[in-house]
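Chain lettering (A, B, C and D) follows the sequence in which the chains are written, and residue indices restart at 1 in each chain.
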Amino acid sequence: MKKILNKPENYVNEMLEGLYIAHPDLITYTNNDVRCLVTANKKEGKVGIATGGGSGHLPLFLGYVGKGMLDGCSVGDVFQSPSAEQMHAVTKYIDSGAGVLYIYGNYNGDIFNFDMAAEMADFEDGIRVESVVGADDVASAGPTDLGQKSTRRGVAGIVFVYKCAGAAADAMLSLDEVKRVAEKAAHNVRTMGVALTPCIVPRVGKPGFSLGEDEMEIGMGIHGETGIRRGKLESADQITVEMLDQIVSDLPFTTGDEVAVLVNGLGATPVDEQYIVVRKINEQLGKLGISVHRFYVGEYATSLEMAGLSISVMKLDAELKTYLDAPAQTPFFVQL
Amino acid sequence: MKKILNKPENYVNEMLEGLYIAHPDLITYTNNDVRCLVTANKKEGKVGIATGGGSGHLPLFLGYVGKGMLDGCSVGDVFQSPSAEQMHAVTKYIDSGAGVLYIYGNYNGDIFNFDMAAEMADFEDGIRVESVVGADDVASAGPTDLGQKSTRRGVAGIVFVYKCAGAAADAMLSLDEVKRVAEKAAHNVRTMGVALTPCIVPRVGKPGFSLGEDEMEIGMGIHGETGIRRGKLESADQITVEMLDQIVSDLPFTTGDEVAVLVNGLGATPVDEQYIVVRKINEQLGKLGISVHRFYVGEYATSLEMAGLSISVMKLDAELKTYLDAPAQTPFFVQL
Amino acid sequence: MIVQDFLASASALMTENRDRLIDMDSVVGDGDLGLTMSDGFKAAYESIKESDEQDVGKLFYTAGKAMSVAVPSTMGTLMASGLMQVGKTFKGRTEVQTTEYAALFQAYFDGVSARGKAKVGEKTFLDGLFPAISAMQEAIEAGMSAAQVAQAASDAAQKGFEATQGMIAVHGRAATRGEASRQLLDPGAAVAALLMKAFAQSVS
Amino acid sequence: MIVQDFLASASALMTENRDRLIDMDSVVGDGDLGLTMSDGFKAAYESIKESDEQDVGKLFYTAGKAMSVAVPSTMGTLMASGLMQVGKTFKGRTEVQTTEYAALFQAYFDGVSARGKAKVGEKTFLDGLFPAISAMQEAIEAGMSAAQVAQAASDAAQKGFEATQGMIAVHGRAATRGEASRQLLDPGAAVAALLMKAFAQSVS
């Protein structure tokens, strides 16, 4: 296991200590627990937005707490949910009377704990909490009927949900309105990924699965969940076309649509490769008459040192565009 | 070779195409050559700052062209210098009468080509060009006597030089003044790195060297140049202390100094590990009575998908602090 | 029944079966179940083992909260929800009669199903617990002893667990396998069988 | 001498010795030298092979510029600088006499040393070229034929190359080896020997 760390069981807490040292102007923690990360710039009267989830996905989840995006994040062990109690502590800190919105990925452990935390906040503190779940991974399950709970996993597309909801909250919209914006963003985003190598959870010490030297897995989840198909590694253009086809036909995205695109590295893939993919995405969407309002390229939701990348596409309307374009400043995301 | 690319020989150009698609508001190119990258927001009367070097180090070198930092970058093949002609084209584009400063890393190929480009610019266009060379890698050679040319390699510390010089130019200082600021920054920065895995140049298709499953190399260069020592992988704290000791004793940094610290991932190392290192750096510098004005953490100068990281420390005075803190906006670096 | 005895047994059994649960969960899931259940029931037990609290409800609630802090995983949080619901239902009570055993585990069931929103037959923990509650009810109605009631429940839970082979998973990681999940035994239901075995041990 | 013939020979020889140069450069450097020299001299030659330019200086300058665009590596840029300096020195000339051969390569030497700031004895390209120029000078003074002058230079360059074993590298990647670089032959000096061999072929 080639990692620069001390004891594996201290991996998350030592990472957090470094984080607070590096970004004291933006983040701090509450409840005497470094895993209850909150904004250092609480804005009175604003709807608070909290997220949470396992570690190992930086910048996800905590990296988006700051100005104009999220207000708090409870931090779990690597690939493990944080506890309801931690979520509850974050909720209490970030509420300033306008209520709190939870935005998190569609994983059992996270759902159960966020639900429990919401009950605690309601029951013990009378804080109104609403939730929006990110479930953007086209590869993980079929589409869901209206009103039905999605069985799709949440992956990098949640960053768009954070951004739009964060800007709406920053504009001092009500909890209902911020939730509406978050839901709209979540409904309009689709993601698909490809993995080239596994990653190693520090406490486990060995890869969770293996992939042949010339293999890739299309649709693999960010914890190594089985994808759509495993096959010989193909060219960047072929991979891009396959992933984009699935994304486009799912919403579906159609001629005349305006979209935002996020090309996300899973950890070990150089950003050069991501730009090679950007080039092809632009060409393909251009052919379909879909125009790209904004590209985001880099690492937004990783799986430790996994090699591979994901593509997320969000359909925009005037409202989402306004919120997407609004400024934000967090330790990992700065937009003017 | 597990890379998402098309033909290896198109790696750099396709990456650049993607880059121009994603960041049209910040960058463009001149001379009908995608490898002659220039700012999309040329500021009249300002000293132009150009850099250049081989690809495979993103965000280095081109990633720092934008507002408040660099104005142009000539882009070479992976780990290869761009040509003097390309540098000359960039120079012509970014000059607006106030002259041009070259800031680049201390590599033979780059030096020779930048010198040739400076002669062309002087001879053919009457543009005054000055040069400052980044040579911050403590591991690559001993210190240099005053007035002597350093034989040290240039690595991640150049980002500090870019930042300070870029802000000075943005403040409309003269070429001599901008050069003075760049030289001061370059003299005050020291870097040391550690590598855990090799990387693969796309056109070569296989690693340039190998490192045992439990080995690391302290002081390895960003193209895989031999470092100070190879040994068993140690803990994050041990590695940090060893690297920091060499850095601190080199300048030397002493009690009462105020510094900026850059913890830089080489490509495949999760940023979590970098924050674990931040934690120890802060503790160690604290013991020495050295205070950290600002931490930068993330990928600033990579070696494709190499695993490992580097630490750069720059000693600050009031002037450097002002320029370091000034806002900047490039495709890879945004500071408010 | 004594809450401490029940949770001591549960903690011991989960630790004994740790590797078996890891292996079962590794087939479809992430293999954490053995760790979370042994750590979780240990935390639950330790939170009350030296308590002189007499309120059965408060003991269960405290244990549930300790579990939820210690292992906030899928099953960890479900088990915490079950324990806490028992806590709420039995709050203020200092004793539990044999005739109430079914009600006690019904509360546990309700806590888990309120949190997880699964139904019986969907290849989860509930498919181990549900038949145990029915068996308890019958045994109580037949006027059996505490030990007999608990043993009937334990046997039924084990059968329920075995019957998960044949069901299609619709929750958690196993769900992504669809039809292919049918041939597998559900690890969460194995936990239910262990839990009822622990209960039987503690009242015998 | 005919510029085209010289560069045609150089291009052919660099291509022939491509793998040898790669191997030599791989020992201390990055192994690119075989590629850059074969690509570079090919580009230099091709830039003028169909030219009807009569000005020897302009031909050299054009070839040097082509080299610098094609292979902007250490040696690529040094070779470009050498060719371009010959171009500047011989600008306006349509012929080069045997008696001027030493001056021509002195210009090449000056171009390389102005760019690279190395001195003779520092284990570089210059240590192959420098003895060749001296040998040329002597042969010219001894009144030898063009072919003889060129052959003397070629032999001397080869000896100079061989003598780099024993020198300590102070430039480029090899320099980081310090004392350990002494036992190695310098690949850049091997290029100098090939270049003089090409010259000898082209005037014979």
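In this text, contacts are C-beta pairs under 8 Å (C-beta built on N, C-alpha and C of every residue); 3 or more make two chains touch, one makes a residue touch a chain.
Values in this document were obtained by computation on a predicted structure and should not be read as measured data.
A.B. asks: I need the common contact partners of chain B and chain C, sorted by label.
C.D. replies: For chain B paired with chain C, the chains in contact with each are A, in label order.
A.B. asks: Please work out the Cα centroid separation of chain B and chain D, and write it as a whole number of Å.
C.D. replies: So the centre of chain B lies 33 Å away from the centre of chain D.
A.B. asks: Whole-Å distance, chain A centre to chain D centre, using C-alpha means?
C.D. replies: Chain centroid spacing, chain A to chain D, equals 57 Å.
A.B. asks: Could you state the distance in Å from the CA-based centre of chain A to that of chain B?
C.D. replies: Computed value for the inter-centroid distance: 30 Å.
A.B. asks: Roughly how many whole angstrom separate the Cα centroids of chain C and chain D?
C.D. replies: Computed from C-alpha means, the inter-chain centre distance equals 83 Å.
A.B. asks: Which residue numbers or ranges of chain A touch two or more of the other chains?
C.D. replies: Residues: none.
A.B. asks: On chain C, where are the residues touching two or more other chains?
C.D. replies: If we look for residues of chain C contacting two or more partner chains, we find none.
A.B. asks: Where do chains touch, given as pairs?
C.D. replies: A-B, A-C, B-D
A.B. asks: Spell out the part of chain A that touches chain B in their complex, as residue ranges.
C.D. replies: So the residues of chain A in touch with chain B come to 2-6, 11-12, 14-19, 21-23, 55-56, 58-59, 194, 196-197, 213, 216, 233, 235-237, 239, 267-279, 282, 292, 295, 297-299, 302, 304-305, 307-309, 329, 332, 334-336.
A.B. asks: Could you list, by residue number, the parts of chain C that touch chain A in their complex?
C.D. replies: 30, 32, 65, 68-69, 72-74, 76-78, 80-81, 115-116, 171-173, 175-176
A.B. asks: In the complex of these two chains, what residues of chain B are touching chain D?
C.D. replies: Touching chain D from chain B are residues 76, 79-86, 108-109, 112-113, 115-116, 140-141, 151, 208, 223, 225-226.
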